[in-house]
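You will see two complexes here that share chain A, one where it goes with chain B and one where it goes with chain C.
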Partner chain A sequence: MDLWPHALSGFFSNQPVRTALAVSTITALVSALVGVFAVIRGQSFAGHAFSGIGAAGGSGAVLVGLQPLIGFVSMNVAAAVVMEMIGLRRARGRNLATGIVLGVSLGLSALFLSLDMTHTSRSGTTISILFGSLFTVDPSLIPAVAVIALVVAGLIAALYRPLLLTSVSSELAFVRGVPVRLVGIGYLVALALAVSLAAVTIGAILSTALLVGPAATVLHLTKRTGAALAAAAALGVASCWIGIAISYASASWSTDARGWPVSFCIVAVVFVFYLSVSYLTRLRHGFVSPHQQLVK
Partner chain B sequence: MSSAERTPAVGSEVPDVLVVEDISVALGGRTILDRVGFRAAPGSFTGLIGSNGTGKTTLLKTILGIIRPTAGRVLIGGKAGSRRDPIVGYVPQKIELEPDAPLRARDLIGLGLDGHRFGVSRPSANRRRLIDAMIHGVNAADFADRRVGLLSGGEQQRVMIAHALISRPRLLLLDEPLANLDITSSHEVVQLLRHIATDQNIAIVLTAHDMNPLLQAMNRVVYLAGGRAASGTTAEVVRTETLSELYGHHVEVIHAGGRVLVAAGEIVDENDPPTLPSRGQSEGV
Partner chain C sequence: MFQNFMINAFETAAIVAVVAGVVGFFTVLRGAAFPAHAIPNGAFAGAAGASLIGVSTLVGLGVFALVGAAIITRLGRRERTDVAAALTLALLLGLGDLFLSRSNEYASEVFSLLFGEILGVASYEILPTAVMGLVCIAVIAMLYRPLLLSSIAPDVAEARGISTRWMDFAFLVVLALTTTMAVPVVGAFLIFSLLIGPPAAALAITDRPSRAMALSSLIALITVWMAIVASYSTDLPVGFFVGFFSGVSYAFGRWWAMWRKRSRRAQRSTQSA
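And now, the complex of A and B:
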């Protein structure tokens, strides 16, 4: 079967592919770090809110002639601070608040994107903001992406132990002298930044897939925090590379040379990993997965 | 109601680890605690007993420094208590962790050493030895390598007790450690705490809505009702006279089958159970 080698010819020498690999690798690494803690803290809801807020930020930025990344980052970080201030971390009202924030932000995105279209007459903006366009990312964006990723990794490394302690019991952490709110804001900012990077990679709407997908998958594989972080990072990077390769190759499979969207390919690989790992673990251990024990 | 407080603490030559001096707490204009005081000596086992809404959690949080009293003060190790006091170990009632979170019981115990510090902890032989010793100390070897979130209530309590003890506190505070535990795990946790108090000379203070599982282990009771408290030894506090004075109306303390029941006098009168002492006898105390 020489379908793959042929379809992948020129893969690594292709400039858009190289940019895509660089951006997605950096993004997948920090998304995994933040994602594992989102699962531990039961805070993936905040990631969903950020996906909508980011869409509004990104489309708003385009409207005033800025890079979408600037919009993603500024809106998400501002929202992170507000969310911690209104106590969105508390379980009660968390779903409602997320739903309201998500609804309003997507409504705003609809307005901004419609204005973008009339003002700039670039019809690709909507797809690019909402669903990403990794192959059209400007290579000059890579340093900014790397700096944001370093900030996220630094925040997670610095907050590592207090984050675990507050996840076990915020009251206990408070008694032990942990500045609980500061740690909460620090983590939310890291989450906001990671979602912003994921929005550049696979689009604002899909950004949580890269965040939660690999993290949820590795829960089946390990019970150690450090191992979970490493495995999620590896899985996230692998998903991106395989997805990019499939998208690249798919262009040569169709007659009109239009491949499958790279965001779809990455998200599909994430999902396939999740399904197969959870299926294989169940098969091997012959026991009920933690997720199912929860339902029980 | 404070008659028992005049009683000096057990072994009064040893300074008390915890002194609660007539604290009052008002939250939202409502008085939750009204001049509540008690002391805890090293190695003592104190139960803060009361039904829901009597202020026992408020009392515990005031001792922990989470709530500031409107009057009175809390002395821990002779000093005005503040949070992050290393001589205080705390076991909260509930673990908020997601059940499938990748955190093993032994990792959680390790966080008792340095979980409040920033950064990542470095593994070392000494650290591992300390954690292993704690695991054996609370008899958690069987589940030390399992996920914390998937342990049973009793197992989680033991892990949290090890987490609190690893930093060598002199005072261990526990919030409703027996809530939601079955009879066997409840008994195991009480036995464990009793050993910790006597072997390591740690003062244990815990809240409970039912004093019965604690009767054998407790040597001090702080009984809370209507924001006020009666404190002293179990024999001093848990009797009809003291509790009736605390409640402000007649209540009956009934001893039956090694258990204690506190009932409003009227109810006992109506039911008139044949095996229990009659109301007239109790009033004569």
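And now, the complex of A and C:
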């Protein structure tokens, strides 16, 4: 049982692997970019919810014969606006607004998916939308993926300073004349686009893992946003590549040639990074006094 | 309309609705929408794992729901709850992906665990559902005062010696129990809609805890029963109607609150004039 060199033979010349590497790299970069802000702003729930909300749009698009990506994007952008309209400033209220929109969308998904199944007899849609598989990404999606990624990056770059200020203290930003609400909507749309992109290509699980995992990991190491963004992007891309390599190699480890699913492998790598960093930083900081805990 | 399987559906739905109304009241009060989504969905992976090693789905759901609650609490010591819930959910669903790839589960079975099959509830499933529902209510009743205080004013609760962390964990355990009870019959997505929509509507209408809980159970009950009837007569999935009616009930709650505020203001202005 030779573990690595032989198992990885043909890795880079394999077409599905090359597509997977390309798509996961773009997705990981974009997810890390919006993910750092999602963690700082406490909007991880919205970030996850968009993968479920978009699924309603995606399954609806399949029903009328459109690209799922179009359904994901339009449903999510609409949801972002509704979530802001339900308003409710405090984080608690924001979670509630997200929950309401998500609940209704899941109902819509149930409707569209069951219609999809009866009309197109494609019952695998649920599983592929939820779990996704990088190895079956359609290479013709790459241009669209790249365009959305650029739009997200552009939005974040344009909003960068005011977004940072509102994330740290919305009161201070308000006093300084920053249009807090507008910046919030702008960010939510960027988040919606980024998650649509990720959910369509790599599935809902991985989109949440890549959005929150690397960002939460690096924020244990640095509080400087620029450094956190760079480190989260690097960590996300590295996790994807390692996960894809493990998944590819695992096919030759088992007797029945059923490898480990790529989503599972990447999530596992993301989590191992998170736990190690979290453990190491706790060692470095040592014992946290009860007083510090109270302040936190 | 009132064949045996419909009676089963109405009975089970009633149990689930009452429990969801009460547990959902605390979910909304504590702002725990994400854990209420993460635990049922993560537990779904347990069901996939259970079928792989040949134990009952209920055991798989229960174990994974409790493990999910424990991981969220543990990670929550260093992270905000939403980050902890996101990481936990990704981890559990990643395991679910692995289990599914190992088993030969059909897509339709996965679909029914996510969206539920309330019209397919068998008579022997009602008793376990009722027992677990009672346990949920009993735990809430036992913890009622500290749980309520820590939900509304965590600082005051902490000052009175009620550990916020323990209350968080206790509440997540109740969510895990609710999950185990509800997912086999109504599915992971539906229980989430029920835990959010009706209680949020009730809390928009009244501030008093006991009234809000009763009202939220009532709204949940009407929502599910109407959904069953609508699904039966249109042959569309129950999940769609539960999601839709939950959303409508919340919109109604918000409208009611606004309307009452306005009519009070109008009354006051006529009195002063």
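The criterion applied here is as follows: the second predicted complex is superposed on the first by the 275 of 296 C-alpha atoms of A that agree within 3 Å, B and C clash if a C-alpha of one lies under 4 Å from a C-alpha of the other, contacts with A are read in each partner's own complex, and residues count from 1 in each chain.
As a convention for this text, contacts are C-beta pairs under 8 Å (C-beta built on N, C-alpha and C of every residue); 3 or more make two chains touch, one makes a residue touch a chain.
This one's a predicted model, so the numbers in the text were calculated from it and none came from an experiment.
Within the superposed three-chain model, A:Val270 lies in touch with chain C and out of touch with chain B [touch as defined at top]. When the two complexes are overlaid on their common chain A, residue A:Phe50 makes contact with neither chain B nor chain C. Of the two partner chains, chain B is the only one that A:Gly177 touches; chain C does not reach it.
Once the two complexes are laid over each other on the shared chain, residue contacts for A:Phe72 go to neither chain B nor chain C. When the two complexes are overlaid on their common chain A, residue A:Val39 makes contact with chain B and with chain C alike. In the superposed model, A:Val212 makes contact with chain C only, not with chain B. Contact with neither chain B nor chain C is seen for A:Tyr248 once the two complexes are overlaid on the shared chain. Residue contacts after overlaying the shared chain place A:Tyr187 against neither chain B nor chain C. When the two structures are aligned on the shared chain, A:Phe135 is found in touch with neither chain B nor chain C. Of the two partners chain B and chain C, more chain A residues are in touch with C. Overlap of the chain B and chain C interfaces on chain A comprises residues 39, 42. Residues of chain A that touch chain C in their complex: 39, 42-45, 47-49, 91-93, 95-96, 98-100, 102-111, 113-114, 117, 123-124, 126-127, 130-131, 204-206, 208-209, 211-213, 216, 220, 258, 260-261, 263-264, 266-268, 270-271, 274, 278, 282.
Contacts from chain C toward chain A in the complex involve residues 28, 31-34, 36-37, 78-80, 82-83, 85-87, 89-91, 93-98, 100-102, 107-108, 110-111, 114-115, 189-190, 192-193, 196-197, 200, 236-244, 246-247, 250. Chain A makes touch with chain B in their complex at residues 36, 39-42, 157-162, 164-165, 167-178, 218-219, 222-225, 227-228, 290-291, 293-294. Residues 64-66, 83-84, 88, 90-92, 94-104, 107-108, 111, 114-121, 145-150 of chain B are the ones that touch chain A when the two sit in their complex.
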